[in-house]
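There are two complexes below, and they share subunit A, which is joined by subunit B in the first and by subunit C in the second.
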Partner chain A sequence: MRDRLFGAAPTLTLTIFLAPVAIGLIGTLAPAFGFHPALGLTTLSLEPWRQVLDDPALPAALKLSLGVGFGSTIAAVLIAFGLCAGLHHRRGLSRVRALLAPALAFPHAAFAIGLAFLLSPSGWIARAVSPGLTGWTQPPDLLIVNDPHGLALLIALTLKEALFLILMILAALGQVEAEPSLRAARSLGYGPVRAWLIVLAPRVYAQVRLPIYAVLAASLAVVDMALILGPSAPPPLAPLILSWATSFETTDQTKAAAGAVLQLLVVAAAIGLWRSAEILISRLTRTWLTSGHRSGTVDAAVRVIGLIGTALALGLSAASALGLLVWSLARSWSWPFALPTGWSLEAWRVAWPGLLSLATDTVVVALASALIALVLVIACLEAEDARGRPPGRGVTWLLYAPLLLPQIGFLFGIQVLWSALRLDGGLSAVTWTHLLFVLPYVFLALSDPFRALDPRLARTSRSLGASRLATLLQIKLPLLVRPVLTALAIGFAVSVSLYLPTIFAGAGRVETLATEAVALASGGDRRQSGVVAFTQTALPFIVLGLALALPALMARNRQGLRA
Partner chain B sequence: MVRLTRRETALLISSALLAGCGPRGVSETPLAEDWPGLLTQARGQTIHWFAWGGDPKINAFIGWIGEQLRDLHGIRLIHVKAADTAAVLTQLLADKTAGRTKDGRTDLIWINGENFVAARNSGLLYGPFAQMLPNWPLVDTIGKPSTVIDFTVPTDGYESPWGLSQITFFHDAVRLASPPRTLPALLDWARTRPGRFTYPAPPDFIGVTFLKQALHDLMVNPALLTRAAVDADFEGVTAPLWGWLNTLHPLLWRRGQAFPPDYPSMSRLFEDQETDLAFAFNPAEASTAVAAGRLPATTRAYVLDGGTIQNSHFVAIPFNASAKAGALVAADFILSPEAQARKADPTLWGDPTVLALDRLEPGDRARFDSIPQGSALPPPGDLDRNIPEPHGSWHLALETAWRRRYAR
Partner chain C sequence: MIADEPGLNVRATIAIGPRVLLSDLSFRIPPGKILTLTGESGAGKSSLIGFICGALDPAFTVQGQVYLNGRCLDPLPIERRRVGVLYQDDLLFAHLSVAENLAFAVPQGISRTERRRRVEAALDEAELSGFGPRDPATLSGGQKARVALMRALLAEPEALLLDEPFSKLDPELRARVREFTFATIRKRGLPTLLVTHHDDDATDDRLHLDGQAVGTGTSRKVS
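Entry: the complex of A and B
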């Protein structure tokens, strides 16, 4: 009976999870072809498409999105593979791994806000060296942040995504029997980096293909970071579509829907193009892989790219977070002083009442969506265990669907669903929408440790008469307490960082730290912006810290559970 | 302007409400016919005020209004912080199409300009109501004509003013002693100091307003702006503007290749000393920033010699508001001398009042006289040099034309 409960788990999960996505897609497709009953439009037409194609900003916005999307994904892949190949044989990799989780928990918007202040010509770096080293008595007229080619945005995305891909590669290494193959290659005389590239890279790549596609899709359709670091005239494609969606002109609603479909097509085409490039590259590099050269300058280059990229990503993340904190405590801080000339808690005092309610809503949504995701994921993994085999590749793709689809593509239509259920603008709609993005990450974080658990323990428990549920609760979960809490913390961090899903599901009525941080990022007061962005950064850090500290505390007398 | 007695106001209320309650109000509880009755009805109501939430100062002021309404009238005010007024209008339009004529989710909207015209024309607003508010006779409809004419469109009582905006330039007297006082002079100044000025990129509202200001100052016949843009030879009459911008852009911050996306970003560039001259739509903006320690005490503000564009911002009530009585009481409280004086205080917000100060009781007058006058406010009399907003159609026309030229 209870076993059947678990049997239904995957179906239930996919329904809860995919129904809103499917309805959202329909809700976007229909108005894209002129069908929008609420606006009195009940005949199909291509008019929205004509308006999209007529928009003067479209060609430039499209070019910008493609440049930023492909550029940052390629750079992030190079850095991530470079680092893992370059550091695998050294101790450094485990040290990097320890820094990855907190760096990844840094919300995108907050990172962008901090980075914008670091890099701009009047920013922290320029202040630190001016006018002493540079002779700049006023900030130089250099186009760095919000540049028309989106380079600042490209760099920020690259740094953020490289860290995510490193984590994915480290997880994948556990599934490809890395050490024996490396040893074999090394014993044949291959240098450490070359051995990794030849023996492991192709297998690891196959494992992290989906995360790479997710990264490509996300950077092609990025909104929050683009609003902060990207150009505005014209903006990239996704912010341009968002500006149509929030316009009052009724025709702009259908135009925005058509734009959202265009964004979907762009992402689909980009993933197709990437896949073709994969095939091409694997053909072209075959001779190189089998050339027999034991090492070469490529190895050094790969390692340098990986090291510098990762060092920048970690260093700039830390400096950005620090910058946010310093701004939140500044009273006055004008060019060219390297530190505020006056300190004050005023910004925190002013923000406090609002901050408290923002933080409460943020935590409620994040905890709820992460907990629901955790229960569903554990049930699915247990069902998988009961069936005795992992799900097919199709299911994995479905699980990834919300990450592969551009957010604006189905969030636009999902509003209709929440409105029909009269849930729009409530915490439950926001939680449910967050679940779509939280669940894949929780699954990613938990599936490997869960599958790696020694099956004999559960088998012994079952043979002693314990039910599947009792075995799960009393044997497996206590053993898995560390990865379970980590998965929860990751889910929490993902939810805290979500901007666009909150905007659409919240109907402007639900505010979280993410929406407030983006709203204030363009605002005049950097101290207020610092307060909110720093709080948004601190929350996932605290939860992650608890997730790491609690198991250590609970298991202080159990050697095998520490680690 | 005719001043109304309380009795006349009550009469107006009843007639206006009867009109407002027409056929579509059948199933609703009818609104009380006199002000005391409305106050009774409003007690215990919750009103949702949809208002831009991007400025902590304004949010704090709206929070204060909420406290006062709670203490004075037992009304609960919820500030629905919006990025864009247009969002609520889309929602109202959907409500109207779906036949949701009551129990609406919004009771009060912060609105003006093209949004007002669009909402009014689509029948999304309740009214007329403005003239029946007890504080209405205090509004300076003659000295501040924008309180009843919104972007050349008469408000007809479908929105009630709550503050004024006027383009005001500011600079640091230490870095820039004598700033340009006309737009042609601005171009000459930019030639000598390239890269030290910029303006927000349209479609940003303030960016488009800057275009309107420049068009007004440069065009041959500014009177054309009172008519719809389509009635004029748009390319012909705007040619001087584009010629001027083509010369100006290479002399701007980042050589005109990038623009700040909105007003706050432009103001932050000034704060970071990336530019030497900036402008705001709120005349007290610089003064507030000085009080907060963000700008130096040597900051000064002024209005261009030929005057600058001024407009009012308003509150309106949606046709399907579920707490109309509460919304009316709130709209009236916003017009009270107490609220208007607090709003005009540059240390709190600094939004100029819409009231005629000479009509106030001495005690209320004193509230305004005691407002601290910072040195970063425009000199007295500067705000009298004001230009009305052009017809609403110029906004979209200029925005589109600008984007076609410079944002591709």
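Entry: the complex of A and C
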């Protein structure tokens, strides 16, 4: 009976997980073609598309999205592969690995706000070098943040996504027998970087292809970071569609739906283009792979790109988090002082009542979605163990669907579903919507350690009379406590960072730290913005800290549990 | 195969895809006897262990039956077969102490006092009195092997499967652990199947698998 329960877990999970996505897509497609009964529109028409295509902001928005999306993804891939190739044989990689989890827990919106504090003409970097190096006696009149070409947004996305890809590559290395392959290549005279690029990079790339597509999709359709760092006239495509969706004009609803479908098509075309480029590059580099060159200038360039990119990503992440804290504690901070001239808790005191309510809702939604995702993922992995084989490639793609599809493409339609179920604007709808984005990351974090656990341990436990459920609860999960809690912390961090899903599912009635941080970022009060963004940053850090500390505490008398 | 006879009765044909690993293999192990199974890698030894204990990978196709003391094991999940398994690694649960590892194996429905008594008795029998609170990682290889055996026995199995349980021990230690294991098994009267690559470990009753050597109708009774 219990085994049958585990057997049903994958179907149940995919239903809970994908039904809203499918309904969301339908709910977006129908109004995109003029069918929106709630607005009295019951005949199909192409009018919404005409409105979208006639919008004067569309060409520039599209160009901006494509430039930022492709530019940041290419740069992030180069940095991630460069770092792993350049540092694989050195101890530095384990140090970078240790820093990745906290850096990734940094919510996108908070990171963008912190980066804006650093990069803006009156920001920390300008203060640090002024007036000594620049001669600036007042903040220069430069459009660094919100620049019309989206460079600030491109840099922020590159740095954030490069760290995610490094983590994915490090996980993939465990599945390709990296060390024996590298040893074999180096024994044939290849330098360490060249050996990595020739022997490992093609195999690792195949493993991280889906995460790379997810990064491309996210960069093409980013909203929260674009609202903070991107240009506003015109904005990239996704924020432009959001402005239509939140407009009071009823005709803008169908226009927004058509825009959301356009965003879907843009992402699909971009992934297709990327795949074509992969095939082309694979063919073009085949000769290079077998040319016999043991090392060269390419190796040094690859290493430099990786090192500089990663150092910038980690350094700017740390400086951004610190900047948020410093601004939240600043009473007065006049140009060009590098630190506030007066310190105060006034901003925290003013923000406290609202902050407490925001933080509570954020934690409730994040804990609930992460815990549900964790239970579903564990049940699916146990079902996989019972079945004796991992899921096919198709299931993996389905699992990634919410990450590969632009959020706005189906969130627009999900609103209709929640409204029909009378759940819109409630915490349950927000939690369910967050689950769609949290679950893939929890699966990513837990699947490898779960599958790597010696199957003979469970077999031994069961041969001693323990049922599958008892073996899972008493043997497997305690042995996997570190990856289980880390997966929970990652799920929590993903939920805390979600902006657009909260906006749509919350219907404006549920506010979290993410929505408040983005709302405050456009205002002029850096102190209030710092308070909210720092709190949004601190929550995932605290949970991640607990996830790392608790297993260490539990393993203090158990050598076999220490990694 | 006479299913009603006491001991472990096995008949099996095991294949993976088109490749037949074992063809109509049949044997019986009476209580207290140890049958040694030898053979090259890939001959099907571990698959046979998996089949008997109910943990064979679903990728394999099997025809055959397993009877233990007249009880058909085929429809039973691994936890209800009462077949203990020991592998070459001790597989002590790292998050539990030595005593907790042992207590985990004691059948349910037994009072706490009795559970503790059985654990203490097992530790005594393994000459590990006082080791109960210890972290398994701090034990020597021989001590771990003895704890693993006692843990398997505490579950009150009716048969034992030993999948190269001594192969990771150095020769001197291996001899001591082997003697202890065999003596304990004989004292308990358990039918036991031992898979090994080492002649030193093998008992007088042997069955050799070489992939093709176990032909149709091959039958073995250990007396």
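Going forward, the second predicted complex is superposed on the first by the 563 of 563 C-alpha atoms of A that agree within 3 Å, B and C clash if a C-alpha of one lies under 4 Å from a C-alpha of the other, contacts with A are read in each partner's own complex, and residues count from 1 in each chain.
Here is the rule we use: contacts are C-beta pairs under 8 Å (C-beta built on N, C-alpha and C of every residue); 3 or more make two chains touch, one makes a residue touch a chain.
All values derive from a computational prediction rather than experimental measurement.
In the three-chain model built by superposing on subunit A, subunit B fits alongside subunit C with no clash. In the superposition on chain A, contact of A:Pro234 is made with subunit B only, not with subunit C. With both structures placed on the common chain, the touch criterion links A:Leu464 to subunit C but leaves subunit B unconnected. Contacts of A:Asp141 after superposition: subunit B is touched, whereas subunit C is not reached.
Residue by residue along subunit A, subunit B and subunit C are tallied for touches, and B comes out ahead. Using the contact criterion defined above for the overlaid structures, shared-chain residue A:Ser276 touches neither subunit B nor subunit C, since it reaches no partner. Of all C-alpha pairs spanning subunit B and subunit C in the superposed arrangement, the closest lie 49 Å apart. Across the interface of their complex, subunit B is touched by residues 37-40, 56-57, 59-60, 120-122, 138-139, 141, 143, 146-148, 227, 231-234, 243, 246-248, 250, 253, 331-332, 334-335, 342, 350-351, 354, 425, 507-509, 511, 519-520, 522-526, 528 of subunit A.
Those residues of subunit B lying in contact with subunit A across their complex are 50, 53-56, 59-60, 80-91, 93-94, 97-98, 105, 115, 118, 195, 201-203, 253-255, 257-265, 267-269, 271-274, 289, 292-294, 296, 400, 403-404, 406-408. Of all residues in subunit C, only 53, 55, 57-59, 77-85, 87, 89, 91-96, 104-105, 107-108, 135-138, 151-152, 154-155, 157 touch subunit A in the complex they form. On the side of subunit A, the complex with subunit C involves touching residues 3, 387-389, 454, 456-457, 459-468, 471, 474-475, 478-479, 481, 554-555, 557-561.
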